[in-house]
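Here chain A shows up in two complexes: once beside chain B, once beside chain C.
After this line comes the complex of A and B, so read on.
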């Protein structure tokens, strides 16, 4: 990436050029594109056409009949998804979605207007599938599928984070995420995935988690967290793994197991479960809630997701509790039962502590940690000292998927307000259902595409900057593992004074544990102002 | 380019109809055959399209949620923006179809000295709503030409529409709204750079067509008066399947009816099908209840995944050393 300063990065012109977009050939730029998938990572999961190639080369190593493969793929998907078929036909190009996309607002690239990104594929649909398009071509808005067109589609399908913000504003509910999902499926028919998605997919398939942590390493990592807890909180936790007969199976994105600041969120979970004496278990097999398969193809999403029910059945648990993650919850909420249900070997989830029935999860039998925790707080089941978070001025970032693919807004806010005294909302056009993507979702949190990530992260960061300057906000809370990883990078670039935390970390800091020490440091091992260390100096 | 081609196409229709309407032998073609063909094309084209969409299943429940989901009993649930019941979906769809709920949310984003500013942006919503309701009312009003006696409701709508009694015959409110709204939608395409960038011939063409239809309609009423009795005779003939072309209908009428026929015939093959599509959009017309209720994907195949048995087989020693319970030691 070119080292642009924020000021340079902010020179964004949202005015598109006069030349029609079809006449502007795609230029694949470093800092924007992601590296291609390694062949062996495709082979592990049996995906087609594994080969070495580079997006900067002319020759992408396409199979001889690549065009027929893609067109046949489109035909199949038009027959399988009413959404895709309708979205190809009814867009009126009103432009309501144009300035809703974080990538467009941050880059000014007119092909990142959601309407144009979808038109990249729609134009091929018209040119290759409709009679008018076949006869009139360009006049009917159609174009033929050529290698250049394919490259353009590839480039922009990996500049969409499937956040669905555009879909909220579309008068017909046209969902660019749906178009991108199918666009990426087509790309994957040719072995053209990006490695940042494909490697986690292969790892999740084999070892069960993104980084490919082996069973013992996964366990060790969690145990390291317990050692930190022992040091910072003064209590000893011995979490159960692969324990048959536990009441609840806990599944969280594996990012929480190895990546800062996700690990502190994980410490929050551990403290919460210990506090409750919860009868639960971790699994080293189903150790990934996140699902990069969802960014590859729906089939791959189903294959990776299948492990969760498979393990729940083997362990004989009653229901499943899920950690803080964005797209994981889109998959769990909108797809899981349809993918791999019915989960009739499980019971309808009931909180063992409060007796609350989670009616909204009675088919899928999986409950969100924020739903679970909010219910506990409402029933006064947690001993909390919210003053431990007094040095934090917190704002909350709604993750795209739980927002627009589920509707989880109040639970995390309720939790934050009960564990923190200082909570400030960002401007209303940037939160809840109108929330902006972190800029790096849907498998785009690689290193090589940092420029577009920071650009895509601008609308979110800009809103954080606003509450930072206005209210002194210094902590950005979220309920997504990708958010925790990438917002940290985005903040350090755009608003370096603001740190990122999971909601459960805030809970963990506020929880009064039995037998705990004076809690002079937080879960990060950093001294909590006004507590402990200053006191010991006085003594 | 799209602009000129679209304008040219509409002008061509006008010229052909203008000439055709004056050639005695061709009046039957333009007054009877073209409208019938257009209407049949519309009817069957529309049905074909909708049936064709319906033939593709909806494998997954993918509503775009615009508010708090149904959750714990003490959390306020946004029943219309995030419905989980059929009644809620009907409500959401009603808001969407009758009031353009999603478009009403529209905002405008701008960069201003380092800040991204979002302002309300309701003009598109207003013009879209104005256009659709005006067009709908105009269509209903026209039914007075196809009915005898004219139903009271149509008479009433006609009366209300002309209630300001400006001019003789009185100007219809809907005509004014129609021209203003279509004009606005056209100007957006022309002058807003982003909208111009995304506009295709298929976007300009229907706008020109609508403008031409509105203009010829108004011209007919106020300037090139046509014999309304004869027009009604023709319309009644079409409606009762005993078509006749009475003598002495002005050329402007043939232009008007040919333009309308073009719109009908073009409709099913164009973006205008959003009229049918909006009812069938899976991000709007499904309840957000997929964690509550099991939904079946008709083409589901069982997944091939790495089973626990394979996993344990592969990592047994590592697991054993780490003290992780095993199925088989």
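After this line comes the complex of A and C, so read on.
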């Protein structure tokens, strides 16, 4: 508002206009948008129209025939994806989804209502592709594709985390996430991706993981965690890497390897595998379960996912075990078998410890760590001292993709209840299939868009605040690497008394390891109340 | 005409508290687009409507505390919850905090005529000074919230890939660094104390 004169300041009307949404021009604001993709990161994976541009400039450096490119892209996708065509045609704008989006609930911006967000594209579909829309224009809910419309679509496609909560409430089953997926594909035809997605995609293509960690660095980071385990638990672990002939290949998001508090979840995995004497291996090539390609285009998701089966084949493993991740599981569960399968060189997964056949993983040959761990607990195969987690009052955040994408509700809860004595559920309309997104999924976990992240994180945080105030909850458990990173930020703003953990970290703390020390500190090196010693200061 | 006292005004305000709070809430809702205001008003489930319920839960206790200051912590907590939401929403600073001045309007709308009738204008000015002090406190909280946002942004930045150097995990380095510092402080290193 710095351009206003004092006289103008005095005339400011604080009430928003009551104009229809199509007449409210988009204002792109810092704190909401993510920085544009660097051209070289687009070039690495051969994506079109790499160029330098800024969302705040009038000129986005679009190619001359940009409009035809987008409309042709839409035409192709309407033909290719029957679901997209249906979602464009059948919405009756009943509004059932309108108030179900965390971004709308947190921001109050009506264009964050899923129906309106999809309508941004649907109006172009009507105006450019349907007879009624071409003739009647706005009367039929149609409009032409202009630069302003494109900018509006761009702005709001990156204010949707593809969490699919809205789709639960749609009487027609419209999945707005799929509209966003296609919307982002169209944006990418013009080289307008955001860097927070594009750089991980390029890194993943070149080195196998989002961070671009080279094999020796990846290995070194895991070994650092082993050093911490040696210090805090008192046992030495020597994890296997790229070991041919291992029974199981373990794949987890690289966030577990570098990001706090994901690294403690990784320590939990290491302890669990050591506890079991599991015949497994890490891979420094299939070293990323996450797939930011999924936030770019379905083809890119397929390309980046391919390494998992390739590596499983190269190493000659029998099946794949996957760590705690969100969208990795959406891609694995709903796409991998058809993207890059059939994986007929692998066997139907069987737990070598309990003999349980994971029939649900028959198609993908990939088992979720929570299913694997819950099965171990059910068969009494883990020695656990749950009192080590007594200082924690835990609640569980269902991550969007494992819950709505694959129906994984009970296993994590079963694990938590077996490794912790204090577990409290958040209110019913905020958990399981109705869970609220962390607010930063689908590649929106950048730093520059923190305001929109915090808005989107409010509905989840609001429920956490409730269990914190009512039951004294001080730990939010989850099974997603992005959740672990971004909920920490969200909590520090909304409910700073609550910390964030992966479920496997809780398991690691409770596991009684052979040859362990007195376990007076947890995997974070923090003293466990009532267990004597202060944290060791040795470095 | 002699002006009436603040006690008399507080009595009237207390009597009309319900209507004043309702009016204030309406004025807060009106700072959002109409569809949103409508939703904030209608949806009663606390978890389905976090912003609306925050406004609903905070407005009453804030007015009560202005009428009869009792528990400054409760007062602060409710102010914080209102401001914390608006500090990250699509408002400029003045628009975010305008809601506290809107309370004056709400009070005048409800008891303005009675105030004039009973010659309580001076008392109302005195009471409005309390509202102004609350607004000043709100500036403090707003700034704390904004600074927190920047702190979170900074922390996020530290974790970014380009911080990686020497092939070592960034968060591991930060954690080790903190440990070093703690240890050095513990040993009474004069350069650190």
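What we mean here is this: the second predicted complex is superposed on the first by the 516 of 539 C-alpha atoms of A that agree within 3 Å, B and C clash if a C-alpha of one lies under 4 Å from a C-alpha of the other, contacts with A are read in each partner's own complex, and residues count from 1 in each chain.
The rule we apply is simple: contacts are C-beta pairs under 8 Å (C-beta built on N, C-alpha and C of every residue); 3 or more make two chains touch, one makes a residue touch a chain.
These figures come from a predicted structure and were not determined experimentally.
A.B. asks: Overlay done on chain A, so just call it for chain B and chain C: clash or fit.
C.D. replies: clash
A.B. asks: Classify the contacts of A:221 with the two partner chains as first (chain B alone), second (chain C alone), both, or neither.
C.D. replies: So A:221 only meets chain C here.
A.B. asks: Pick one for A:145: touches chain B only (first), chain C only (second), both, or neither.
C.D. replies: Touch status of A:145: no partner.
A.B. asks: Is A:462 contacted by the first partner chain B, the second partner chain C, both or neither?
C.D. replies: both
A.B. asks: Between chain B and chain C, whom does A:171 touch in the aligned arrangement: first, second, both, or neither?
C.D. replies: First partner only, chain B.
A.B. asks: Return first, second, both or neither, reflecting whether A:271 touches chain B, chain C, both chains, or no partner chain.
C.D. replies: neither
A.B. asks: When the two structures are overlaid on chain A, which partner does A:447 contact: first (chain B), second (chain C), both, or neither?
C.D. replies: In the superposition, A:447 contacts chain C only.
A.B. asks: Which holds for A:260: it touches chain B only (first), chain C only (second), both, or neither?
C.D. replies: Touch status of A:260: second partner only.
A.B. asks: Quick one: is A:99 in contact with chain B, with chain C, with both, or with neither? Answer first, second, both or neither.
C.D. replies: After superposition on chain A, A:99 lies in contact with both partners, chain B and chain C.
A.B. asks: Please work out whether A:492 is in contact with chain B alone, chain C alone, both, or neither, and reply first, second, both or neither.
C.D. replies: A:492 sits against chain C, while chain B stays out of touch.
A.B. asks: Any idea which of 1-9, 73-81, 91-99 or 109-117 of chain B is the one running into chain C?
C.D. replies: For chain B, the listed stretch overlapping chain C after superposition is 109-117.
A.B. asks: Pick out the shared contact residues on chain A: the ones touching chain B in one complex and chain C in the other.
C.D. replies: On chain A, the overlap between the chain B and chain C contacts is residues 12, 14-16, 98-99, 105, 110, 113, 214, 216, 220, 427, 429-430, 458-459, 462-463, 466.
A.B. asks: Which positions of chain A touch chain B when the two form their complex?
C.D. replies: 7, 10, 12, 14-17, 20-21, 46, 78-86, 89-96, 98-100, 105, 110, 113, 115-116, 119, 130-132, 139-141, 164, 167-175, 178, 205-208, 214-216, 219-220, 241-244, 284-285, 298-299, 302-307, 310-311, 314, 332-342, 356, 358-364, 366, 371, 374-375, 378, 403-411, 414, 427, 429-430, 432-434, 458-459, 462-463, 466
A.B. asks: Given the complex with chain C, which residues does chain A contribute to the contact?
C.D. replies: The contact residues of chain A facing chain C are 1, 12, 14-16, 18, 29, 32, 98-99, 104-110, 113, 199, 203, 211-214, 216-217, 220-221, 224, 257-260, 263, 427, 429-430, 446-448, 450-451, 454-455, 458-459, 462-463, 466, 485, 489, 492-494, 525, 537-539.
A.B. asks: Considering only the defined contacts, which chain B positions touch chain A in the complex?
C.D. replies: Residue positions touching the partner: 1-2, 5, 49, 52-72, 74-76, 78, 81-82, 84, 96, 100, 102-103, 105-111, 114-116, 118, 124, 128, 188, 192-195, 197-203, 269, 271, 273-274, 277-278, 280-284, 288-297, 299-300, 303-308, 311-312, 314-315, 318-319, 321-325, 327.
A.B. asks: Tell me, which parts of chain C touch chain A in their complex?
C.D. replies: Listed in rising order, the residues of chain C that touch chain A are 30-36, 39-40, 43, 45-51, 53-54, 84-85, 88-90, 92, 94-95, 98, 145, 148-149, 152-153, 155-157, 159-161, 164, 167-172, 174-176, 179-180, 182-183, 186.
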